[in-house]
């Protein structure tokens, strides 16, 4: 059974030229991605350094992507703020803009107070007030908050909560959730390490940072899987893991952007406090890109 | 030896009336605090729900406090943003405003990348660019980032880094830092549980949430200590602990605001996602306030 | 390709009658398990409350299992101690006893000192000295130590390290390891939530607590998978998750033992400090057992 | 008010000669310590690598210390095991031996099950059954379990629970507990960083690893404090911090043993899995020992 938003999305990096964002470079990247089998784009995700952008920059980036995204490519936007009100307000700036959904990580600064009840109240108030569909977002490595699978199941009953992005990479989490939610709920994987087994267990797609540098491989895992070519899909999954580890775990966004540069996309620098990539990291990423046969002509 | 900024500060709560901030209520609170022995005010601290405010609200709150703070009361402002550039920009909005220092917690969203080197680079770039003195802020319970005492010692050498607020409450941290920093470095305690022993070990003051509800007690620990009346200071410290635990650990900002209401200040509701205080918490806080003989006439 | 030790193992609980272990009850349980398709037994695992047993009790339990295990059923034994020397000594008590391998979790008391180098040195010294094959054991929820996948890959090169039990349930971990180890390395899953997707990604089996109460279901996931009946294997996996959650996460060993009692095995009480199961837990477990159609005649 | 067990204790290291314990070296060390103002000895503490010893070795070490401890020096023994029954049994092996108390850390392997109720039940059952007084032990850095101050207050009501060793070093913890327990309850500090401020807040002593290498300094903080010479006590506290950090945090037991060697005690090697100290660590520890003027003639 296919779902309206299913498929592989790239969690777009945000290009900087000097201190400023470059919407032109972002559009160049999106135009290249338009030619792949990706289902669409996430703008202002963690990978997009959303927390390091002003509201003004954020809106420009979304508009830039909307302007060039090919017909049929869906656009998600990260709209979380720490307060419920701030999240509603920022989410609704994109009402009527044509985005497919807003991706919202939980508030996390007042960690000790973010009980299940506080998180439920937050998400339900947001879902009630939001004029675009909401995707819940579990990313404990950045927020320090782990959503309870049972809470996700409760939230999934709300008609304006369209799905989940689960970035801890836990298939135990998926296993608890995926059969207990309505048929039109979208379970997106957020970890490039487990795309194939996650699809096999019922996820409907993935939103991936590594797709900035390897969009074809990421998209192909999905298309092979859907075509029933599971052996090949699994093989690609294994091929992807070392590169994914490098850009997610070992070197982070600066590493991912360097990999983009090697692939003919614009990566460029990350915004501080993220540090530039050191030589050792460059060598390792070059090696991985070569090994995968992805070096740009 | 006394230091220019020494003493006890209240980390002001932010009054909300309905969904909006109320600068009038905030000014009422500050006017009452003006009559105490507090050294001054922190606006936009964690207790001020800074992460739940827009930039516009934030600037109004600071202006409101500056307008009514009594002469001699110093004003600190929390100005952290996730990016270095954002932090510099927001800090420098208060250049020339008369604030005594900006309090800056570390960036914390990209936890795995916030190495000692990244944090050093961030704080040094900020200190170079900021037009007000900087106070470094260690609050791992909210950020998930623990600053290394040795890093604090390094940062203390910068002429524009005026001090530290240390909210984990670790006197081991204090013990490693306080003798290794320049004589004019301000070590502020951020935990109401350890004010007296912290002063005894060389801290020059404290910035306290509980002071919203018990400003006289907090200030008196300091004045007694400075007057050499250590037995009495320690006694007050012990008296303060149960109330401090209630408003910091058990019930958080909603509990603190309820205690303010009981004391004749305006507390009011916290902004969601913080939940309202339940009846059980109200009863316990009433009981503590009574026990301390602080019930408003 | 099949591996000599592949398949599903039950991590046996340890029966207590009053304060003492009951080897007779354990043998009764094993005799029942002998009639299932389980590949074999783990004695003295975490589920066996190994840390709560004396050395003398431990040896009796292993002997009891060896005496009644059906021909072809392999026996693993948990032999970890905190010191390298203690682990070697206790492991080698089972040399010549016919056990198939010793399962060894990392030392964990001196957490801050258990660097990758310390752990490597420990496991290599053990593998050199041990007279039985070693299975490395990753169980961070109990030890507070997470093994690095790269360390596992290094250790896998040792001829006396036969495999790994990975109980965090991370398929990202599996994805990094399973293609980088020698062909005869056994990757066992330790979480009942991810048996099917783990097999699909190249694990050769699982060692499961929940198999004490549902050995047939656990074994069947494996046999269906090997027979290429993946749809059915996945279905059973989903059926297993709620029971597995109950006995692993919600109620622990006391819950698991109650489920055993319901199935006609001997569960009985856990040894303190583990608390007895309360009525609410009993009702929930009964409900799950009923739902799965597993209630003993 | 003085308490029967008050004062500074050394948490003795365990000397190894080759692979074996050396009770002779231990007795040499104790004889040297007998000439200091230490109140007594802890045998089989974390610093004594208790988890790396067999029961037989453990009993020999205690007997060796009892045989040579000077009259008036109290002896504590670490007797924790993971099960309640094991802890009772091992504790009562020392009944009638003349030890002053048994120090018992909480069970920690089944972390998720070690609820407040489970820990209370464990400690109360132990206190009921033990034939020596019990000291509760909070050491979250090794156990991963943090005792609740309120639980400690409850336990303190039991007539056979004589006190607490608190090794997280939190004076907030102390502040919550020390006034709420019976007058004869012993609150011992377990961190060498906070001895002076802890005494100032009402602790009755400390049990310290660093005292193996600097017993005179540790004891003198206490005697100066009791004599009302607080300035001097605080000065010594600050002097102690860098050495304490080195042997506790930076280099652990191997570092501490090297510092003992430099002071004319027998330190020797730690038992694996603890690694030997590297040259860099040796140089730093030598430098600290020199700086403190403690180098053995």
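Read from first to last, the chains carry the letters A, B, C and D; within each, the first residue is number 1.
Here, a residue touches a chain if its C-beta (ideal position, glycine included) is under 8 Å from a C-beta of that chain, and two chains touch if they have at least 3 such contacts.
What you see is a predicted model; the values in this text were computed from it and never measured.
Enquirer: Find the chain most remote from subunit B, comparing centres computed as mean CA coordinates.
Expert: C
Enquirer: When the CA atoms of subunit B are placed over those of subunit D, what is the turn angle between 0 and 180 degrees, to the nearest 5?
Expert: To map subunit B onto subunit D, rotate by about 180 degrees.
Enquirer: Same or different interface residues for subunit A and subunit B, judged by whether over half of the residue numbers are used by both?
Expert: Subunit A and subunit B contact each other through largely matching residue numbers.
Enquirer: With chain centres defined as C-alpha means, what is the inter-centre distance between subunit A and subunit C in Å?
Expert: Centres of subunit A and subunit C (C-alpha means) sit 35 Å apart.
Enquirer: Averaging only over C-alpha atoms, locate the centres of subunit A and subunit D and give their separation in whole Å.
Expert: Centre-to-centre distance between subunit A and subunit D: 50 Å.
Enquirer: For subunit D, which residues are shared contacts with two or more other chains?
Expert: Where subunit D is concerned, no single residue meets two or more other chains.
Enquirer: So with touch defined the way it is at the top, what topology do the chains form here? Options are line, ring, star, complete, other.
Expert: It is a ring, because the chains touch in a row that closes back on itself.
Enquirer: Could you run through all the chain pairs that touch each other?
Expert: Applying the touch rule to all chain pairs gives A-B, A-C, B-D, C-D.
Enquirer: Enumerate the contact residues on subunit A facing subunit C in the complex.
Expert: 169-172, 175-176, 179, 191, 193-194, 196-198, 200-201, 234, 237-238, 241, 245
Enquirer: Could you list, by residue number, the parts of subunit A that touch subunit B in their complex?
Expert: These residues of subunit A touch subunit B: 19, 46, 49, 51-54, 81-86, 107, 109-115, 117-119, 121-122, 125, 141-144, 249, 252-253, 271-275.
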